[in-house]
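To keep things simple, chains are lettered A, B, C and D as they appear, and every chain counts its residues starting from 1.
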């Protein structure tokens, strides 16, 4: 059970993430890469800002990872999340999971990103030409 | 509808694959990376050899990609498959799918690898210490 | 007792700063804190939802707060 | 008519080479080709399954072959 969890404001490095989860007893790796989209509901997005409650966010990510290891036969789990200002097409999040068999990798990876978006205390502000908004804050 | 399909004997380049599927109107990328595992059913694997019926394999991959674009709202689909001799931990296949929303990327990526393993004329021979076997050839 | 409340995301905008201090009765609960804050900062009630975290864990409404706790307001998360 | 049959994977081992030539009656079908090959190379029958591809497409058993077709034996695939 090996987990690598990081939250920081530097560029995320895809190759390094994948190198870390690779292992000779793995048969497959599933990787999810979030990217900043240029529009939300038709409005042009100029940039995003991500803020994290870092110690709690790390703790929540660790909980997700522990649950994944209980539920699926996976080998390594990596979650890297970026904070600070991101431009369009930059990468806020990389999740990578290696496993002997691909089903576990796919299911665990999807579970991680779905759960991260529900429980991990990280917030995103979208900047438009005519304003800015904290995503999901209001009904 | 943009597709990049390649079969060749050079090392597959993960970063290049991901760079190709990225786009400013994507919100997520799912990537599946196959890796050569060091054992099959408890037997140590020394190396693998992949052989392709290349023109037909390309055609079958194109069919998979077309079906993906009919079925899911995805933006770019990439399938790279390697041939020749691969050592343990090397990468025979990379599949990458970008989409506005992550569900489509995950589902399409999984569909592609599942279908590729059923329909695309590529064959894998496993080399053990005491013999070799064409995978799936016999019941 | 006086407790420091950390704020993130839109809660920081609502409080006008990254932390505030509030005065609560001894043995006050998370629910007491929420109603205190909602009186002082009515915009909190306009949020889709918000949680209180105590010592880096999501807290139940009936959890009792102490001056030693690290308390934070967690508006709807939107990472990833 | 004489048709060249391409072989891949274990079929190449069974034939002992990457292609063979077979003599078939005019308007022979894929099924005719299969039974011809299975007589000559009984190990084909031991495979989990195998398909015939004609011009880079999986062929039906009743498809008619011509000398202009590119015909290949496709043992169980195992890519990825």
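Here, a contact is a pair of C-beta atoms (placed from the backbone, for glycine too) under 8 Å apart; a residue touches a chain by one contact, two chains touch by 3 or more.
In this text, all values refer to a predicted model and were calculated from it rather than measured experimentally.
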item: Chain of greatest Cα-centre distance to subunit A; value: D
item: Centre-of-Cα separation between subunit D and subunit A, whole angstrom; value: 48
item: Geometric centre distance via CA averages, subunit B-subunit A, whole Å; value: 23
item: Distance between the centres, which are taken as Cα means, of subunit D and subunit C, whole angstrom; value: 72
item: Sequence positions of subunit B contacting 2 or more other chains; value: 34, 113
item: Residues of subunit C engaged with two or more neighbouring chains; value: none
item: Chains grouped in pairs wherever the two touch, ordered by label; value: A-B, A-C, B-D
item: Subunit C residues within the subunit A interface of the complex; value: 6, 8-10, 12-13, 46-48, 53, 56-58, 72, 74-80
item: In the complex, subunit B residues that touch subunit D; value: 34, 50-53, 55-57, 59, 81, 92-93, 113, 116-125, 134-139
item: Complex interface listing, subunit A residues touching subunit B; value: 14-15, 18, 22-35, 37-39, 88-89, 98, 100, 102, 105-106, 109-110, 113
